[in-house]
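Read through the structures below before going on.
Shared between the two complexes below is subunit A, which pairs with subunit B and subunit C, respectively.
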Partner chain A sequence: MSLDDVRRYLIAYDISDDVRRTKVAKKLESYGDRVQYSVFIVDTRPAKFLRLRTQLTDMIDEGTDSVLFCNLGTLRANNRRSLDVIGCSRTITDHGPAIL
Partner chain B sequence: MSLDDVRRYLIAYDISDDVRRTKVAKKLESYGDRVQYSVFIVDTRPAKFLRLRTQLTDMIDEGTDSVLFCNLGTLRANNRRSLDVIGCSRTITDHGPAIL
Partner chain C sequence: MPELIPISLVAHQAFCPRRAWLEAMGEKTDTHQVEIGTQAHTPADDPTGSRARRYRAVDVISHDLGVTGRCDTVELDENAAMTIVEHKATPVRRRPEVTDPMRIQVALLAGALADMGYPVSGQAIYFTNHHTRVDVPLTPADRALARDMVADTARTLAAEQAPPPLEDDRRCSRCSHISVCLPDERPLTPVTRRIIVADPDTQVLHLTTPGSRAYVTRGRIEVSKSGEKLGTFPIERVQGVVVHGNVDLSSGLIREVLWRSLSVVWCTSSGRVTGWARAAQGPNGGPRLLQHVASQHGRIDLARQFVAAKVANQATLLRRHGDAPTAVTRLRELQREALDSPSLTDLFGIEGDAAARYFEHFLTMLRPKVVATEGLTFSTRTRRPARDPINAALNFCYGLLTADTLRAVVACGLDPHAGFLHSSGRNKPALALDLVEEFRAPIADSVVLNAFNNGEIRTRDFSTALGTTRIGERGRKALIAGYERRVTGTFRHPIFGYDVTWRRAMEIQARLVLGVIDGTQPRYQGIKTR
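Up next, the complex of A and B:
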């Protein structure tokens, strides 16, 4: 799997129910890095991303919850400057894509 | 101001203090669209973005708060597919950049 196969995705959620929020957070923790309380960075191939998106769709209540996906491009093209944090930042792993 | 001058930024915050969080949210509401409770999309020129970034830096407590900035590229190059929401979504204005 080369850097050209892997894309970086930013995923943010707004979920009021504690049980659903915890389930979604645990799923995302298994795929990527938590950069804020409700924001994750996931480096993976598009096919695996679609599987994750489907799993999250099944977990949420589409009437009240929201999950935002932002495709930041290939890992190779991804410029470190495109993500920038002020204040108390968490580490984003840069050692390759998540093993799924 | 052409579409080539304008960039789309995703801005997300993690702020525990109610007063600071409200101040940051009000500032961001004056610049762009709220897409989730703590996630905004701002379309603006890089110079204006830097001014906003400085204002937010002055508002937060860098020891406890966090603001994440993600540069999504020029508005011209920006592909609608790069942002995708499942569930309950808010509208992102597409009629040009914020007037600052």
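Up next, the complex of A and C:
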């Protein structure tokens, strides 16, 4: 499959307020997968990433909260050096056939 | 009184008349440029951001010019004279340059504001990415040009037919609507310049577990059965939903999918399409009416192409995998006959003749060892009921294919019911079935052959009762997986010469049909694999 401009992002947040944190977590869950309590993996094209970033900016209080975006590069490059997890790992939605 | 025209449409008209048409027809694309453009306006689009000497999001209207619009920012000087500042996002690598469409846009905004009785002293463009403000002085010639452009826009919108795409124009490479406009595909020749249409980062979600229930929770589609969670999928990654058999969908899920202008297709567990849901809002309402007229009058040229491409692809598949050279030769003859066929009746004759010859040798395309060990038989194509596993597998894959062409037809705003080969009077999704024809052999038949040849499905995945063969749950999942791998895989497009996924190819074909209907496409050509 050609997913040339899809990039993988690791997104983590530090938010003290419960309401804002829940909102941000929900938003991130709709785009990607929760791999740890405040750490998400999101695979997306640039347009969608920009939209997500704006939505998160509107949700947080920029004075106290922070969201960290780490660009892990294109999906193709990532398939070769996949994430390494010790302990119980959670699944990341893959890009193959989606059957539930 | 003539209808007022949005100033943004006039600016699109100045850029490219077809762009104005596509915007007016409701075509939307999800591209990086559009997203950046939207972001550039966000701070300026909020009236609460106004200050004492700076108003934001000021709506303007002028019956004299015949336009309505919104100024991003209006600044007041000491004498209350106003300066209009329009926000624009231009890629940083390009210079912050005021283009003609921008000049026309500010001229109309200034004209409308002045027409409302406010003193306008100047206008400027603020380039958000460059943080640069450029003043735009206007001459009477600019104002006259803007007025002419409003008239041109009105003519574009009132026309029956869409304006043709630009030919080999540099504007296209930075137009966000390239993926729906298809300027390079119009001549039906290899595309020489490279304009990249991004593949979607979304997937078609198949819901297959009998007795399960799907719903939306925390922004994800979740499926559970008897209180046990089977899996979840992020909603932003969904391109469409296909429901197989007895799966319950919550109303909230259906609404969420429609909100996103995506569609749901329901199939039976054997692959017959039972129905679909599409969003109320969609593009190309006008061309859809023309489609019904064209369907009523009949378009034998389209029908010929559907059949010729179908027969050609059957011949190619048989030549590649089978062992029946005489049948291939005959299919090639029939393919040529289809192109000169005088009537639909003759076309159906050719189609039936070709199908009989093709399926007569269908078993030769399977590996003899697989046929022997699995005890596969195939005498004739039986739709419903399926008499053997191969027929059941074919039925199922044709259903998947119909779901995909339905989605393609709906995405470009056409009506699946008004077809050109299949009769629209029979209350079937005729246009979707028309488009299915040329993809049967290269997608569905090929998926079935591969699945049997590679042992992904076996005879024990099927059950036969009272002469009807049914596919089991495991076999269904294996075929869906094989099918999805096929349609998301790329191939070299036989007409345009670029690499493209089969799923995108289906949408391009649907858009070529749209082009024939709205007058931009001189003729339709089916995909014939080599």
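The criterion applied here is as follows: the second predicted complex is superposed on the first by the 90 of 100 C-alpha atoms of A that agree within 3 Å, B and C clash if a C-alpha of one lies under 4 Å from a C-alpha of the other, contacts with A are read in each partner's own complex, and residues count from 1 in each chain.
What we mean here is this: a residue touches a chain if its C-beta (ideal position, glycine included) is under 8 Å from a C-beta of that chain, and two chains touch if they have at least 3 such contacts.
The shown structure was predicted, so the numbers you read here are calculated from the model rather than taken from an experiment.
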Query raised in the report: Which holds for A:Ala47: it touches subunit B only (first), subunit C only (second), both, or neither?
Result: second
Report task. Applying the touch criterion given at the start, work out whether A:Lys26 contacts subunit B, subunit C, both or neither, answering first, second, both or neither. Result -> second
Query raised in the report: When the two structures are overlaid on chain A, which partner does A:Ile60 contact: first (subunit B), second (subunit C), both, or neither?
Result: first
Requested in this report: Give one of first, second, both or neither to describe whether A:Tyr37 is in contact with subunit B, with subunit C, with both, or with none.
Outcome: first
Requested in this report: Check whether A:Ser89 is in contact with subunit B, with subunit C, with both or with neither, and answer first, second, both or neither.
Outcome: first
Report summary line: In the complex, the residues of subunit B that touch subunit A are 10, 12-14, 35-39, 53, 56-57, 60-72, 81-90
Report task. Could you please specify the touching residues of subunit C with respect to subunit A in the complex? Result -> 30-32, 34-36, 39, 42, 198-201, 203-209, 212, 214, 218-221, 223, 230-231, 233-237, 477, 480-481, 483-485, 488-490, 499, 501
Report task. Can you check the complex and tell me which residues of subunit A touch subunit C? Result -> 1-6, 25-27, 29-33, 43-48, 50-51, 54, 93, 95-100
